[in-house]
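Have a look at the structure that comes next, please.
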Amino acid sequence: MDRDLLQRQLRSFLREDIGNGDITSEPLFEADQQGMAQLVARESFVVAGAASVAAEVFRLQSSEIRCSDARDDGANVEKGDVLLHVSGPVVELLKAERVALNLLQRLSGIATVTAAFVAETEVYPVRITDTRKTTPGMRMLEKYAVRAGGGYNHRFNLSDGVLIKDNHIAACGSLSEAVRVLRERIPHTVKIEVETDTLGQVRESLGCGVDIIMLDNMDIETMKKAVAMVSGAALTEASGGVSLETVAAIAATGVDIISVGALTHSAPSCDIGMDWQRP
Amino acid sequence: MDRDLLQRQLRSFLREDIGNGDITSEPLFEADQQGMAQLVARESFVVAGAASVAAEVFRLQSSEIRCSDARDDGANVEKGDVLLHVSGPVVELLKAERVALNLLQRLSGIATVTAAFVAETEVYPVRITDTRKTTPGMRMLEKYAVRAGGGYNHRFNLSDGVLIKDNHIAACGSLSEAVRVLRERIPHTVKIEVETDTLGQVRESLGCGVDIIMLDNMDIETMKKAVAMVSGAALTEASGGVSLETVAAIAATGVDIISVGALTHSAPSCDIGMDWQRP
Amino acid sequence: MDRDLLQRQLRSFLREDIGNGDITSEPLFEADQQGMAQLVARESFVVAGAASVAAEVFRLQSSEIRCSDARDDGANVEKGDVLLHVSGPVVELLKAERVALNLLQRLSGIATVTAAFVAETEVYPVRITDTRKTTPGMRMLEKYAVRAGGGYNHRFNLSDGVLIKDNHIAACGSLSEAVRVLRERIPHTVKIEVETDTLGQVRESLGCGVDIIMLDNMDIETMKKAVAMVSGAALTEASGGVSLETVAAIAATGVDIISVGALTHSAPSCDIGMDWQRP
Amino acid sequence: MDRDLLQRQLRSFLREDIGNGDITSEPLFEADQQGMAQLVARESFVVAGAASVAAEVFRLQSSEIRCSDARDDGANVEKGDVLLHVSGPVVELLKAERVALNLLQRLSGIATVTAAFVAETEVYPVRITDTRKTTPGMRMLEKYAVRAGGGYNHRFNLSDGVLIKDNHIAACGSLSEAVRVLRERIPHTVKIEVETDTLGQVRESLGCGVDIIMLDNMDIETMKKAVAMVSGAALTEASGGVSLETVAAIAATGVDIISVGALTHSAPSCDIGMDWQRP
Amino acid sequence: MDRDLLQRQLRSFLREDIGNGDITSEPLFEADQQGMAQLVARESFVVAGAASVAAEVFRLQSSEIRCSDARDDGANVEKGDVLLHVSGPVVELLKAERVALNLLQRLSGIATVTAAFVAETEVYPVRITDTRKTTPGMRMLEKYAVRAGGGYNHRFNLSDGVLIKDNHIAACGSLSEAVRVLRERIPHTVKIEVETDTLGQVRESLGCGVDIIMLDNMDIETMKKAVAMVSGAALTEASGGVSLETVAAIAATGVDIISVGALTHSAPSCDIGMDWQRP
Amino acid sequence: MDRDLLQRQLRSFLREDIGNGDITSEPLFEADQQGMAQLVARESFVVAGAASVAAEVFRLQSSEIRCSDARDDGANVEKGDVLLHVSGPVVELLKAERVALNLLQRLSGIATVTAAFVAETEVYPVRITDTRKTTPGMRMLEKYAVRAGGGYNHRFNLSDGVLIKDNHIAACGSLSEAVRVLRERIPHTVKIEVETDTLGQVRESLGCGVDIIMLDNMDIETMKKAVAMVSGAALTEASGGVSLETVAAIAATGVDIISVGALTHSAPSCDIGMDWQRP
């Protein structure tokens, strides 16, 4: 993640939670009273963002906060494991605590779900990727968590990848015409992906040399035929309602990519607490 | 929700998803080509944000988009029910679609979980409230969804309510001293809440006239004793690891409020699609 | 004050005064030419913001500026007293000077007026509080100055406290109905205040258990009766055209709080200069 | 005033006062409930900003608010006079009320003080001008109010006018050298003003052809000599501790400009209320 | 161009030129005094941005300004041709004039240079593209102008396309290793381009299946060999010091793309004036 | 240049070029891998912005980057000369490289063109100045480059200098009336400039005591007569289509200032590269 971009976001998150100030802590602590605490796993999960996000939240809140012992992204932790050690002015630690925890819990939740999908498909040469079904305002961070969990990213937003869907095809008269028009307009550095529902559309996509063919909500048998038809001439991407129960069978069809909205839109937060250490 | 604040957030969400523009749709559609579509439930859930958020996303993207037939917040919908009807320039509808769906899915997910907690406790005169365990950047919207689901809100952030915890007590020597110091500093318009772990702390809180006593992670029996001890002299709030399985028993203790982090930190998104209508 | 919030404001104030740069000083001084100066009282007053605001302005303008010997908030100073000592690059000191002085003069003016109201009422157990009649853009700072002068703050803005006025009552049919509707909507952490003009309204307010009863523009006799009627069941707040001449009599009625718009809307600036020291 | 700039400021002022929303009014009023009100003078004063600022606040808050009957800037109003008529959704009127009043009261206060200084000097061909001693964040508006009161503006900020003071002279060795260096650096469109304490400095300023000579804290006799010495070869500006008591005598010396910090740093707010009209 | 993004930029451009307001025009014109004017070519060139940019500047400055008769992007105009007709409040037209002209002159300048490169190579199936050598802050607009002139765009910024250069190769030990590492990290939607200096590097690039091979500063003969070696297995892009004199020879080598920094970094502005029409 | 203002701009330029991060470099380099490079002239030119702008870009990108050996503004460099030495984390150097180069190339281009105009007129006591024909968003930087090249600046924007043109005169009935109205409105610190087309207008301008008379598009003979007529009673400024071919003859007329749009609107970028140094 670009650090400047990350810091801008984290600052706005801190503002949201702190508002006009912590009216409980500011009057009760001397500004320079020091404390130490640990972010501790309360259950088993896969870590995302301890060093890169949670520690950055604390350091942004105060340059006097020190962070250490961050667990690596992708690490499997057990209940009781320490994810991050923080020390510094108590009032600043308290002001940063909730944002750091909320982020670490959510990102680790996404990494954990992603790791489960990756584990289900590890015998296949397939990529598990995210989608644009991320929490608004959190895309960069959530896509980071997907990578931490062993997954891969799909396009970041509408401007860095072409994905032709039904509407676009209807607007142009045909899939081929849509591809032709777009190829004439977009930078040569951009790939073209087409969403297909039928083997006929797969064939037409191949005919116009698209880079990626999305097989949208196809059943397993159709998907196998599609993969065979494509035969390496384009990347194939399975999409649509993929679950932990169905992902292995989809991977077995030989598709190159499986994109899974559930990685980001429905991952439950992991349980993480902040335990203060007595001097 | 304040409209100006809402619009600022939605604009930033649109920017995140649109980036430098929709490189697929902008070249393929005439700017004035019109279309119609419906946001449709793909499963049963409780609605939050169809009129107030999703429709606003579309209208912000283009003043030429018209929205109608929005389902009310709190409505129970079934698979196939239409949540919102939109019409306007196709390219603008496509640019707003993902943000509108991501928000409506997430907010409805929170409303649905909240409604489940409310249903479990409906025979008791108790409030189900949220916490500060919201997605960073989404607090205003997620708290709105909690209300849509029949829940109530806790304080918005660190600046609009006092909540005294272990650390604060330790810093001052005693709970009573912390209350005394704070009362001398905060506006008379602000309530004081204390987090208590033991009946002794409940008693001390009562002694210094706090407004709200949080019973943190107490077992059911202790909670009952605490409620009896307080006997209406302050509001009592149960907190800590509340689940759908335990919430009714907690409500039965007679507490006034049950705050539930899971309303916002782990609600899965509802499944909602956007179906285009052929002219 | 939250430091991040404070710094954002101070930066915008510096931008307003510096514009595209100091076209007088930038060409005349070497960037590293050092100087020393003192902010000095030119009359007697109560200090607010020397360490927390004026010094912060200088440090924000340049990390090479050092500040020391700041007088405490609330201190009574005489003509000639030094409020702050600053040293660093002359060009940076000059660029920050006006903003630092303008703030220190205004905040000290508010603290001085507040201290006068506090002095008038010191024999009574009453709080002098501010109102929302602050200079737009300066609320956080002006409320800080009120505290420095020995006063207290009322709610910060429309979102962190309920205050029911005539219009609200008219909209709901009755005061009691307005309270009922609001109580059902707002967080349990928020207090309800009602503005009353008559003893009848005071009685109705008591009947529905509001937290604070504002006695708006009541004469002294009515106010005494209202205080007797309330008898500690709610906080009482006198409001409306309070002046240094009338405040003691109001305090003598036994009200808990007296809110005074004049603390912030009409406090004259204190006279403070910046004296340069020859090496 | 530039309208885009004005609107940016007014929006930030509304945000400060509204925070996360008006938690009293939003639940109590239907969004489309209409109301009418008037901003009414509670004492005599000179108006500034009824049409240009207060009405703009209301319209920014909601495009459905209509404003009419605004009193002109500079008008002398009496107690009971209507300054502005507003109508529209009640909840929006309530959310804009405080900001509109706070601004109108303050700006009218500045106009009123300015008009008093102007009246004291009306028999002399002299300009009363403001200084940079404005409330941080309010400079554009406060300078507007000075003009409304019949005064004139001095430079807006450090970047649009040169003003050479003691420090600058010391840094260059002599006043003449400072002028020489600056003239070589600044645009030919910028005037050069020098702050002088003695007749010697006035003479030196004349010798190097500066555009404006500030006579800083000079006594009346010295000032007369300075004006005679300058004799129209530059503009003369009296400055330093000017009061209503001293301004006429200063004007009588024949100076062209009298700059008065008190116009903006210490003007008390005018008393203005918002009276709702029953349908 | 995305309209929201465009408007944000244009607003900041207007702010830069208007500052605190147009101190000449605002006092001299009644706010509602109407006028008409035309943007007129003072020499021959290729148009870019009359309808999409210049007209938008005027409309952003005031919703009362009407624009018509905009010449299409890519149109060849002669001296005296009208590019845009504007009408509305004179003061608003004057405030927008300079920004609109500055943009239209610069964008048309880029389109004109681009069209010249395109004309030189029109017999070859080659794309003329821009680079990242754009004016900071103007990338979106300048890339738009390149398209208006018949050119194509390269990647927008560092985040939407991979381009492996010397340093990256050195860091990884080999070109192939760099490609391997990157492919494992980037989304499958992103193409990989490699900058090559020698035929050996071209061969190695082919071996690891990159999408685009940049032939950097190669002589014509080497370029021909590279194109033959690649033989359609990847896109070939000539880059480095391309001029109008050399571009045709480069195109004749059979490369797919020629990227030209001079399209944006050195295009002179076209001469365009704003002629006011007398009523 | 004001440093805070500069840094705000440079940060936005970095954001534009970096987008969501450098997807090539971030995966390939360890965050702490160090490198060294030099910005080197590839042709002869006059430097602007090596120390003040390019180095600042690098330092803003990372506080770990060190810059040294910057060439002074205004220095004449030859092909091969080093303009700046940079060292620090390779990935940060790469992320800042393009913005630093784009700025340095453009600013040096402007300085070089300016220096050429200055050289043409060096025997005359005349100032070469810029205009408002700058690249939108780049005014502060481009005006800085003009000074680096030995030129001078005209007014910065519409708010810091009066320039009366045809339209303004027409609106008021006469030039004299326009001057009268404006003088009554603007601060006494602001100069008044009038654009004149005829000797009659020059005479009228003199009659009302304007500070600067612009001789717009006059032929050489008329200009001489105008200068003689003015005879030092105001500054004279030649303007309109000035080129390197015509500037000396214009200077010979005796005008005080020659303003040249071409300094900024059409200066080609200088050729500068970044050469990495092997350890």
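The first chain written gets the first letter, and so on, giving A, B, C, D, E and F; residue counts start at 1 in each chain.
Convention: contacts are C-beta pairs under 8 Å (C-beta built on N, C-alpha and C of every residue); 3 or more make two chains touch, one makes a residue touch a chain.
Quick caveat: nothing in here was measured; it's all calculated off a predicted structure.
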{"item": "Common touching chains of chain C and chain B", "value": "A, D"}
{"item": "Contact-richer chain pair [A-F vs A-B]", "value": "A-B"}
{"item": "Most widely separated chain from chain A, with each centre as the mean of CA atoms", "value": "D"}
{"item": "Approximate Å spacing (C-alpha centroids) for the pair chain C, chain D", "value": "22"}
{"item": "Chain B and chain E: spacing of chain centres that average the CA atoms, whole Å", "value": "45"}
{"item": "Shared-contact residues (touching 2 or more other chains) in chain C", "value": "2, 18-22, 95, 156, 159-161, 185-186, 190"}
{"item": "Every chain pair meeting the contact rule", "value": "A-B, A-C, A-E, A-F, B-C, B-D, B-E, C-D, C-F, D-E, D-F, E-F"}
{"item": "Complex interface listing, chain C residues touching chain A", "value": "1-2, 4-5, 140, 156"}
{"item": "Contacting residues of chain B [partner chain C, same complex]", "value": "2, 127, 129, 147, 152-156, 159-161, 185-191, 193, 212, 235, 237, 256-257"}
{"item": "Interface residues, chain A side, partner chain C - complex", "value": "11, 14-15, 18, 20-22, 26, 95"}
{"item": "Touching residues (chain side chain F, partner chain E) in the complex", "value": "9, 12-13, 16-25, 27-29, 33, 35, 90, 94-95, 98-99, 101-103, 105-106, 109, 132-139, 156-168, 171-172, 178, 181-182, 185-186, 190, 265-266, 268-269, 276"}
